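As written, the chain order gives the labels A, B, C, D and E, with residue 1 at the start of each chain.
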Amino acid sequence: MLDLVLFLPLIGFFALLALPDTVSRKAALAISLVVFLLSLGLIGPVTANPGEYSFVINATWIDYPPIHYHVGIDGLSLWLVILSTLLTPIAILVSWKYIDHRVKMYYAFLLLLEFGVIGVFASLDMFLFYVFWEVSLVPMYFLIGIWGHERRIYAAVKFFLFTMAGSVLMLAAIVYLYNLTGSFDYATILDQLQSGRAVLTAQAQTLLFLAFFFSFAIKVPLFPLHTWLPDAHVEAPTAGSIMLASVMLKMGTYGLVRFCLPLFPEAAHKHAPWIAGLAVVGIVYGALVALVQPNMKKLVAYSSVSHLGFVVLGVFSFTQAGLDGAVYQMLNHGVSTGALFMLVGFLYERRHSLEISAYGGVATPAPQLAIIFLITTLASIGLPTLNNFVGEFLVLQGAAQANFSWVVFAAIGVILSACYMLWLYQRTFYGRASHDLAHHMPDLNQREWIAALPLLILMVWMGTYTQSFMPPISAQNARILEKVNKGGTALAKTPTQAPAVKEVADAR
Amino acid sequence: MPVSLPTSAEYFRFLPEIILTIAGVLIMFLEAVLDEDRKSIFGPFSLVALALSMGAAIAASSDPGTAFSNMLIIDGFGSFFRVLVLVVGILAVFSSMEYLARERANGGEYYALILFSIVGQCIMVTANELIMVFIGLEVSSIASYVLAGYLREDKRNNESALKYFLLGSFATAFLLYGVSWIYGVTGSTNLQLIRQSLEGAGAPAVAVTGAAAALMFVGLGFKISAAPFQVWAPDVYQGAPAPVSAFLSVGPKAAAFAILARVFMTAFGPISARWEPVFWACALATMIIGNFAAIQQTNIKRMLAYSSIAHAGYVLVAITANSGIGSAAVMFYMAAYAVTNIGAFAVVAHVARKGEKYVEIEDFAGLGQRMPGLAAMLTIFLLSLIGVPLTGGFFGKFYIFKAALDSHLNWLTVLGLLNSAVAAYYYLRILVVMYFKEPGESTADLQPAGATLSIAVYVCAIGTLVLGIMPGWVLDLANKAALK
Amino acid sequence: MDALLFMLFAAIAVVCGINLVIQTHPISSALSLVGVMAALAALYLLLGGEFIAAAQLVVYAGAVMVLFIFVIMLLNAGTEHKVKKNPWSQYAGIPMLLLFLGIVACLVQQMFPSTESVSFGGFTKGGPLEIGRALFTTYLLPFEVTSVLILIAILGAIVLARKEID
Amino acid sequence: MQLWLIPLFPLLGFALNGIFGKKLSKPAVNGIACGSVLLSFLWVLKTLNALGVFSGGNALEETYKEQYFTWIQSGMLNIGVDFAIDRLTAVMLLIVTGIGSLIHIYATGYMAHEGGYYRFFAYLNLFMFFMLILVLGANFLLLFVGWEGVGLCSYLLIGFYFLEKFASDAANKAFIVNRIGDFGFSLAVFLIVIHFGSLDFTTVFEKVKDMPIETTAGWMTAISLLLLVGACGKSAQIPLYVWLPDAMAGPTPVSALIHAATMVTAGVYMVARSSQIFLHSAGALNIVAIVGVLTACFAATIGLTQFDIKKVYAYSTVSQLGYMFIGLGTGAFSAGIYHVMTHAFFKALLFLGAGSVIHACGGEQDMRKMGGLRKYTPITMYTLLAASLAIAGFPFLSGYYSKDMILEAAYEHAPWMYWVGVITAGMTAFYVFRAFFMTFMGEYRGKQEAEAHGHGGHAAKAHDDHGHDDHGHANDDHGHGHHGEPHESPAVMWIPLAVLAILSLIGGWAFNIPKFLEPIFPLHEGEAEAWLTYVSVAFGLGGIALAYVMYVVSPGMADGIANSLRGLYTLVYNKYFVDELYDSVVVEPMIDGSRIFLWRVVDARGIDGVVNGAGKTASALGGLLKRLQSGSIRGYAAWVVAGSLIVIAIIGVRNSGLVETLMGGLR
Amino acid sequence: MPPLPLPPTVPISWYLTLSAILFSLGIAGFLFRRSIITVFMSIELMLNAVNLSFITFSYKLKQVDGHIFSFFVMVVAAAEAAVGLAIILTVFKNRQTLEIDELDSLKN
């Protein structure tokens, strides 16, 4: 099953290159839909046993050094994989009319990207992880570079170099771990480190942690490593932005949760204060800068910086709530920011401008678009009953348990998110539409509705009935935390308050 | 003095070189005899010779041992490189045929020179004696000098050849001076004997041997274009015909790396504490000079030349590691680099067209649209040069830095990896131009590549991918053949 | 006597060497080089290298240098022009050379203190017999391979100096 | 008991109208909208009846709770979607659904000619849904859901006329200011989880009871104050009141329902709900009271000078909310809730009446262009009179009871609060009756202009009259009708007015809320001093009298006073320039700082500067390195020599004693 | 004439030093001469210095191998001379100059 989910996009990539341009988008859509449906089959077994890896395949790839094709899905990666498989057909649908040159390459790259990101989430071998990590880079580079806007080259190169600069350090760290443990297998390495069979000095642990951390932090992106993101988003085509924001950024946060924390718990604890500090700065900073962007995509991009600050904050709170919230927030951000980019793309297809000032009064000619945009906006600013609220609440709750002062500042980001999103909405949709604008602004068509609807449903679903999604995440996070907080250092660091925390909670 | 004649086994171990030499001589003979219009057989003929030679080399690898009074040693390491340079030769011939026809220079001499040059490289990689190192080096080099200036009407070719020749001979003089000192101190030019002699040597002897090793490093470092002896490489690669540049940047280089690794790891093993720091610094300087200077290049051949300097830096990292893994990494990397770089140069040679008119990076604008297949192949090569996974370049780099970390060269690893990130920038520029820019007049009348060039390009691409996806095949060989 | 001969030929070699470097006309330099070679041939004899001394005179000073002079004449190479471009070697050359020489000389002093000295006849195995035997036994392979080298030289000369390629 | 049906009806109404409303006929939309709320109201009645509330006795002294499903579960934290009902909730439910029903009915008439009709009712139903969630929610987070949800609906409805910038500005302002309040609320929630491990009301309050005040006062105060921040946002208290006057940009029924009767009292409800926590922190309670006093007085002074009828009532709302906070802060929680109810009656009525007046005048909101309406709209006049008397604290009307209780509690808490409250009561009476007199007495002043300019010019006129800062007028509120003369509203509008008028008159003594809430908020022991009541009534009557003198007996007098106190008048008329202050102290520095400093300097020059600088440095280094390749063979040879020297030096000379030898040789 | 202050025989190090001096002179010729042919001859001078060194060591070690080595050096030098002079010929044909500094069109 996982094999199919993983390799069908790759097969699709080659198939598309072989097929003529005319059928490529239909073929791509069909393939991605099949992949999505297949990926739904992952849910049952994984949720049944979320703490363990399901669908494990462990085949030798290279004998020496022992590199294995070792993949599997657990509660942490399950939804991220499904998010990827869901967003790919949506991205294809969104591009349906927009992409008019080098069509088959475009869809082929989208499928290759899907292959890469699913691989990242499914890899249980560090080397394999790195391979997929890099492989996912290439199609995105081309997506931005070929089908992007005016400054696409700068953006594409910047994107590639930033990520590359981070990932080489990760490679060094992976190799170092291999030399230490003789294995690339994540579970083996983890086991050896946990059991003390492989011993890292404090300095080595710190350096390794930082190597991993920086490569992930660039991808996240964490302030102040974020400047590639606005450029990449602004220049990328709509589908590129969707995949970038929804899936690729999650690779970074996923890496933090999957690798940084369990492998180097002491270092993670030691460095958590400034990392969380950066996360908080990022939350506020991203929001403030988003506030003053004249360009919609840039605005949404900076809002991503802000939102992902929450994720990082949650991760480095080392609390169950924080971690659960962080993972949930990854999904939420994927859904709602993906939708935002999609909607901005719809606007762009109609008006061919990303400047907010080119719009105004769109709600009159295109009320349906306005409504969807509004719902997405509300999701993005964390309105309860919509998805982001749950994630932000848990993150902040967890962070509050770790250090209340972080939360005081982070919560300012929540205020600011309302400011920039509503202001954007006001400037774009409210007011009177000029004649010219109204003329170019047909309401949503059926295809666009089909693309948008799943995300809208998810926003509400994930906001109201979290139990459909949360249990596997929670279960796996609990296991991670068990490893990370072995010394129980996280909660002990909050001496001010803690009388009731450890009591059994709500006895409803 | 009892005279022992070489045994048949020894001849068998030397058979590849013999085959090539005979083929070279035959070509020279036929060149004089054949009509003009039949001279196109030289290419295929030399391919057959190379293939036969490769068969012989593979066969010989099953019967390792020394030959001709310890002059040669046919061990795994040597065999690996011998096969590698033969593969390089085959690919070089494939990528040259069309070029030569286009430049109306499809003479037999070219192939003969390639074959002789490969003879020299084969001798180098299996040399067990400094004298064989020297002679092999000279055979390879003198043929290379001529090849670099092969199109003698072309001023760039002239200058390239002259620079290569003068500086090459200059560096060789240093090498020889070093050899003479080594001979003087250790009383031998046999690698094993040198090692033995050094193992119990006193301080002055070690110091002088060190200085001699340094002089040898000047000569060999020159051939591999290690900093600060890299200066010639950009000029020569830029000026030489593109297929020759391709050949020069991998063939002699692979051989020189092989002999560098062998001499320093075996013969100078006992004084490794002395030369490792030098290699460390040279590796770093080479990477930095190669990568950073490449950023500024506009000529693609020159850029690839700087890139080849940078890659020499990576390989030097592996030699600095001075371990079995290190030598395996050298082997694997050179293999991956060979297919990648020949492929890249082959594409460049095709796009450059007659007289190498279009060798600026900007001339590749829109190649992705005009020639999607060729562009895709060049993309694979460039990604491999960057070191993106699933290409040979990545795995090679991975293995090199693994070796380096194994030998606790932590900082060199980090700096090297950062260098490879910098390198991404200039390779990406070609991708940018190729895919993100609209085609201009430079690619307007570009014809599809012919059969032989296509074979070269596609084989290189497949090789690059196979080395990236299934590195195990070559890596196993390399690990078994490791020097230590 | 040995010392006197050494001093004599060494002086000739050095003076000719210096002359090679300071002369601006290639012919002068070439003749200086011949002088160096001749002086060295004498020194080889002192060191017991009969065969090599002969080869030095016949092959080197004779054949090779004749080739040089032939080319100089052929190209009608004249005096060097006045320097227009000054590569940095012009300035850094002398200090670097002195340093190089200094290091090497020091190493020589350190490695080979003046205890052992050269006397004519101290080594007598440098005759044709010994050389020939070594060449055709131990050094058979390099000897044969040099034939390839010569072949390449011929080929190279043909390629580069042939009248027209087609 | 199916508590979930209560919010479900409006939600269904929202869904139906929202999705299909465009295709439905107006009566169908009306039917769905009003029907769903009415059903909800009836279900509330049925539920309460089933719980025995109407039979008196001890019914519902214990909380009745229903649990549906887990909403958020993480580790030990488990937050369910649970509804609970106790007496406080019962009161709120009745207010919300009862008043809500009336206003829905009214709105069908008021909005009859508006575009986006279905949209309006969909939003209104959604509001009802969230308000009911807010009231019914059995834990802080569910309360927060409703809290944010009503904020959203408020945003949507204020921005209902989104074609106009002032409407969308006001909407944004409302939402964002509320967000600032929510900031405090959410921090409080986090602290509650940290300290109680739960958000469930019963669990939390049980635990609070057992906690000693001495050791917990610190963080209890923190939680209380943070909750207060939230309440200040939602209930428009200083310093976060600024959004409410602007919120009048929404249609009048919205002002009545959301910005007078229900949503804005959510803060009061929340503080009352958390009374256990507040009771653990005397300091926090005191601050609540102080905020209330200041707000009440401050808003009343602004109300004195406004000419926009809805603005007057808006500031009045702020002021009355202040009273409620005084009640809460002085420990008289039930008095606060009592006032919530009576205020819901009379303030809803005031707004609906104002709506009727505006309707009658064809969209005019400026009282200076009204006058003499008693001839045209008698029903409206009498209902408004009832409401005005009620708010003025006329004895035995609804406002009298609740306000009195609050003031008594205030006197006990701190006499100065009582005196400020009483003065405010006087001002309240004055400005309410000022509005009443200006509207209904004298001669109609709007006719000529209305005819001269038509309705299209309203916005411009209003701007001329009110100055640039006056965002709140909603003249486009009422785009329909080109009436030559004012006219009475249709029955569907005045019947709700009548019902509310009756409630305003008798609601005070008919529903003895403090008694009903006694199980939750024990009544204060002992009798209050009688003179307190007399004084407050006197002030109220005095205010009415003053208004009568100034606006009926000698109409020029007001202008005279205004002229003689020009500076003060300008200050008050312009609402103390608080909006301007916030703009220049918070908003503009933030925006400019973000744009100029964070974006242009930190991001573009700082971070990207470093990044691009690194690129440039690399490039420059490349430029430098490539110049090594001078092309000169001799230069290259020099490099080889130099390199060989270095290499020899490192390999050969290092540690060889050679350096020592050389040095020795020099010596 | 006073007797020269010379020992009857000279130490090996003198030969080696002479070799070093000649080698350095060769380098100097390469660095300072501007005629391509002279530069090439400087290389020959360096090779000669190397040969002297080999033969000296051969004397010291009492082995013939050094002689063999220098023999090969001579052969190689001859081959190099043939090819090198041919290259110089082509350069001259194309550029009509033997100034080494004028061959710097390939650079940076």
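We adopt the following convention: contacts are C-beta pairs under 8 Å (C-beta built on N, C-alpha and C of every residue); 3 or more make two chains touch, one makes a residue touch a chain.
Just so it is clear, the structure is predicted and the values come from calculations on it, not from any experiment.
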Minimal step count in the chain contact network, chain D to chain E: 1
For chain B and chain E, chains touching each: C, D
Contacts common to chain C and chain E (chain labels): B, D
Innermost chain, where centres are averages of C-alpha coordinates: A
Interface with more contacting C-beta pairs, comparing A-B to A-D: A-D
Greatest separation from chain D - chain, by CA centre: C
Centre-of-Cα separation between chain D and chain A, whole angstrom: 35
Inter-centroid spacing, chain C versus chain B (mean Cα positions, whole Å): 30
Centre distance in Å when chain C and chain D are each reduced to the mean of their C-alpha atoms: 100
Geometric centre distance via CA averages, chain D-chain B, whole Å: 76
Multi-partner residues of chain C (at least 2 other chains): 85, 87, 89-90, 93, 97, 100, 103-104, 107, 109-110, 139, 142, 146, 149, 152-153, 156, 159-160
Of all residues in chain A, the ones touching two or more other chains: none
Residue numbers of chain B (touch at least two other chains): 131, 135, 138, 142, 145-146, 149, 152-153, 161-163, 166, 170, 204, 207-208, 211, 234-235, 296, 425
Interchain contacts, given as pairs of chains that touch: A-B, A-D, B-C, B-D, B-E, C-D, C-E, D-E
For the chain C and chain D complex, residues of the former touching the latter: 85, 87-90, 92-93, 96-97, 99-100, 102-103, 106-107, 109-110
Residue numbers on chain C that touch chain B, as the complex places them: 103-104, 107, 110-111, 133, 137-142, 145-146, 148-149, 151-153, 155-156, 158-160, 165-166
Complex interface listing, chain B residues touching chain A: 368-369, 383, 386, 388-390, 394, 398-399, 401-402, 405-406, 410, 413-414, 417-418, 420-421, 424-425, 428-429, 431-432, 435-436, 470-472, 475-476, 479
In the complex, chain B residues that touch chain C: 1, 3-4, 6, 14, 21, 24-25, 28, 36, 67-69, 71-72, 104-105, 107, 109-110, 112-113, 116, 119-120, 123, 129, 131-132, 135-136, 138-139, 142-143, 145-146, 149-153, 161, 185, 204-205, 207-208, 211
Parts of chain E lying in touch with chain B, wherever the complex brings them together: 16, 23, 26, 30, 36, 39-40, 43, 46-47, 49-50, 53-54, 56-57, 60-61, 63, 65-66, 68-69, 72-73, 76, 79-80, 83-84, 86-88, 90-91, 93-95, 100, 103, 105-108
